[in-house]
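I've put the structures underneath this note.
Here come two complexes built around chain A, the first alongside chain B, the second alongside chain C.
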Partner chain A sequence: MSDIFPKWTNKLPLMAGVVGAVLGVSVLAGITYYFTPKYTRVGYQPKQPVAFSHAIHAGQIGLDCRYCHNGVEKAWFSNIPAAATCMNCHSQVKKDSDKLQLVRDSFASGQSIPWVQIHKTPDYVYFNHSVHVNRGVSCVHCHGEIQKMDEVRHEKPLSMSFCLDCHRDPAAFVRPNELVTKLDWKNEGFDGKKAVHDWKVQPGQSCSTCHR
Partner chain B sequence: MASAATPAAGHGAVGNPKRDTRPAPPVLKAADAPKELEREPLVLNNRSLNDVTELIAGICERPMPKWWLPAFLVSAGMMGMMFTLVAYLISTGVGVWGLNQPADWAWDITNFVFWIGIGHAGTLISAILFLLRQKWRTSVNRAAEAMTLFAVACAGIFPVVHTGRVWFALYPGFLIPVPNANGIWPQFRSPLLWDVFAVSTYGTVSLLFWYVGLIPDLATLRDRATNKIRKFFYALFSLGWTGSSRHWSHYEKAYLIFAGLCTPLVLSVHSIVSFDFAVSQVPGWHTTIFPPYFVAGAVFGGFGMVLTLLVPLRWLFGLHDVVTNRHLELMCKVLLATGSIVGYAYGMEFFIAWYGGSPYELYAFRNRAFGEYWWAYWIMIGCNVISPHFFWFRWFRRTGWFVWIISIFVNIGMWFERFVIIVTSLHRDYLPSSWGYFTPSWVDMFTFIGSFGLFMTLFLLFIRFLPAIAISEVKGVMPQADPHHPLGGAKGNH
Partner chain C sequence: MRKFLAYFLTFWALAVVAVVGVAGLRGSTSRKPPLEFFSDMDHQPKLRPQTTAKFAGFADGMSSRLPVPGTVARGSAFEASEFNTGKKADGSFVDAMPVPVNAALVARGRERFAIYCAPCHGAAGDGNGVTTKFGMAAVAKFHDERIIKMGDGEIYNTIANGKNLMLPYGDKLDPQDRWAVVAYVRALQLSRLGKKEEIPDAVRATLK
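Let's look at the complex of A and B:
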């Protein structure tokens, strides 16, 4: 058939196969890397209206998370404290600091400080904070080592597989319930299996557990 | 080949000491078979091999007849309408269709099963009849296989778009088994997933089988091509075929392997489609007869569509010498056999519903025949159970226009069969408070009509550019191909 196609075209099918395979693998690898929450969400660190440092409050001073986020054990939502909570201390500590002007304004007017939300589950996901912190799931699992962050950043991917890793094997993740806010806790001989059994932890894995 | 047909002259050369001097044995001659036992030839009027090439290749070499362009434009318009409505559905949501709880499957899945069923005739003709050495298949297999592919294309659209947010099909983990950030995996225990694999395997194998069969004919068209563009494309797709003995040897092996691979698919694909229903626990779906009943129905519906296409095709292009009345007759016999199986299955479903003793099952079937959708049920019975029984009589089997009319009834009946199975089983939910009545929306109707546009567009392009009948295979079953036949071998006039 040399009168229709030159000889080099014999190699075309092989070349097409190689190019196709390389292209297919790179597209798949690209999607896996760039289009998943590990890449798209982790590292999100917006500038907040007040330069509040978790590293000072939760780390250096050692405030319990629940001093400010005091609804977390009772509600699905972990609340952001009102300015009144800040003023418990800051009516006396650094009470004239320029950095706290917005807090004092908020306290006087009752208008919320416009904090920028960082960790946000999508609307189609039902997530309840109270059920987790009452069964030995620590804040640190989902929010990272907050006590070391000056400004909070999105530390964990919070993808669906992130949730499922724990729902499929809760024993590896639970800790003594009174230590859920001890963010630097190290597991030294705590029996997760026994806790899961005793506390009757049965994390659902069906779609409607979270997508209600 | 020529030497095989020539008498062994020179065998008794003079001077051979071992010459056999015994008298020749008397010539035994069997009496000619009685006229009525002779088989009708598969190609009429003693056409030569060249006549067959000219007749079939000529169709896609000459300009198309006058009706072709209007028919193509109408079909393409309908196809455009379907894709527009699909875009409307995807951009708006599945609410543009009439289906809703409790009948959350309706025309979408009806159309899917209807189209995928049609494909089965092509595979049966091309694979099973090949293995069974049914020579008559050669005149109809190419068009039937093309029909299979186009029907699978139409079928594929409905289950994809009925999910609404179609792009999820491309997300890793939803349909494609690839590790993903959602930590999920396709549910391999679900018949709906088996269906995805069954249909895509079926589509792939059918395409390859069809294409392999096309290669020698594409080479014929390449060699006959007079313009450069045609020559380029036919050459590209004929893969350098020269017709050498080695090529033929490989080709025959490949064809046999494909026939072997396709044969189980004829049975498995529609069995798995039936599992979509039978594996569920909905009364009216949860029956063990579904797989064989669906396969028989698919072959029945598929042969109906083959006849719907071939009868006009042979009339429009004057193919009566190749697609003979004998071919129609044989296909009508398949319709009669499979139609009877389908009728038996309808009856047996009712018997088991009564004999099984489940009141819900019995209710589902009573409701099917005498409930709100009684009209659909009796259309189905009329078309599928009654109409094929005309074919007990020879005249009906051999009369093209009559066969065509019955084939239309078969198409209608098989669509209604799927509609009846799906909608009548769903619209009466377990609680009377959830009962409903499905009515299609205009989008439902025009999307379905538009799918015929896609089907016909592809078929019209097929007869425009490819030989609608397998030239090389038809030649293979002609007496001229037999070197021992008086007309066979290289005796000129080929």
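Let's look at the complex of A and C:
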């Protein structure tokens, strides 16, 4: 009696197992690595209409973040400054620079400069800037070391797990409230646990804390 | 079997190289906007502040609207009171600020001063802030006799509406904060004008 199945088919289950395992693990690894904001968002660095450098303004000159983003302590969003804010200095400093033409135009016409938004939560996330910066959560946690960036780059994933890392353990992240805009601050003995208790920091972890 | 596995693993390795080659690594810099695999409801028709309004009713395309002329927002400083304008009913500047001066007000003023005033006027009010190195000219020194003798209301007015080359800061400092800054400017001036005897004994003992 001749073989119905040739002899190599004896190894078919083994081969299928190996192939399936390798492919399965590869696909899972690929999804884990790529299907996350750590890949999709981090590194986004759009070209801006005006070559504004945070490294010069916030780093070298040392302007406080709130000089320009002055609404951040009161509003849920951190405002992009109006051209009038730029003109506080640039009506005198580099007042004829070509790089500032759009700023002068915007100041004169009232038309917005078409800045490109970099950090953006989905529309179903209700992130409130004021509640964070008024409870010792620094800009640097979500935006990275802006004071070193010539062009702003999306440094942090801003994924849900990124938010929860802090919401589950705020004591590890809070700092004295007057230092929230001091981006290069290092914790040397600040008692986060005590601050969280004293300031009644209650970062919710239920869905409705952020999603409405 | 061996041959098959060799082919398969070669194919697999090429596929991995191709995916990593096309997709790149995490955190690599890109000019292109973030990828969205499942963008359900990420972008809703509602307007977010300072974005483009694709809505025919807003001809200028701005999602953040200016107040309708003649309307007053809740809490806005619309009354022509001394507190809001720094001026008396006859239009002259008030001499003394119409808010109680206490440690909290001066502390608030110090913080706001550091953010909005110190870049030009300097941390001590000497008119030598960091921007003067870059071409800001004629920055007022708060220790000049002219400003020491100026009424509180006039300093308030300068903060709110600007003066000469200085643009207004009324959009960044609400009336209460403007008075706080005035209080801190006065404190800076007193730091040079005050006499040793005016320092409380307990504080004086800690000074060298």
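The rule is short, and it goes like this: the second predicted complex is superposed on the first by the 210 of 212 C-alpha atoms of A that agree within 3 Å, B and C clash if a C-alpha of one lies under 4 Å from a C-alpha of the other, contacts with A are read in each partner's own complex, and residues count from 1 in each chain.
Quick note on the criterion: contacts are C-beta pairs under 8 Å (C-beta built on N, C-alpha and C of every residue); 3 or more make two chains touch, one makes a residue touch a chain.
Fair warning: this is a prediction, and the values are worked out from it, not measured in the lab.
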First (chain B), second (chain C), both or neither touched by A:S161: first
Superposed model, chain A: greater residue contact from chain B or chain C: C
Contacts of A:Y126 with chain B and chain C, given as first, second, both or neither: neither
Touching partner for A:W8 - first (chain B), second (chain C), both, neither: second
Partner chain(s) touched by A:N88 [first = chain B, second = chain C, both, neither]: second
Footprint overlap on chain A, comparing chain B with chain C: 37-38
Of chain B, residues touching chain A in the complex: 172, 178-184, 222, 231-232, 235-236, 240, 242
Contact footprint of chain A on chain C as seen in their complex: 1, 4-5, 8-9, 12, 15-16, 19, 23, 26-37, 41-44, 46, 48-51, 60, 62, 111, 114-116, 119-120, 130-131, 134-137, 165-167, 169, 171-172
Residues of chain A touching chain C in the complex: 8, 11, 14-15, 18-19, 22-23, 26, 30, 33-35, 37-47, 61-64, 66-67, 70, 75, 77, 79-80, 82, 84-85, 87-89, 91-94, 111-112, 117, 122-124, 153-154, 178
Sites on chain A touched by chain B in the complex: 1, 4-5, 28, 31-32, 36-38, 157, 159-165
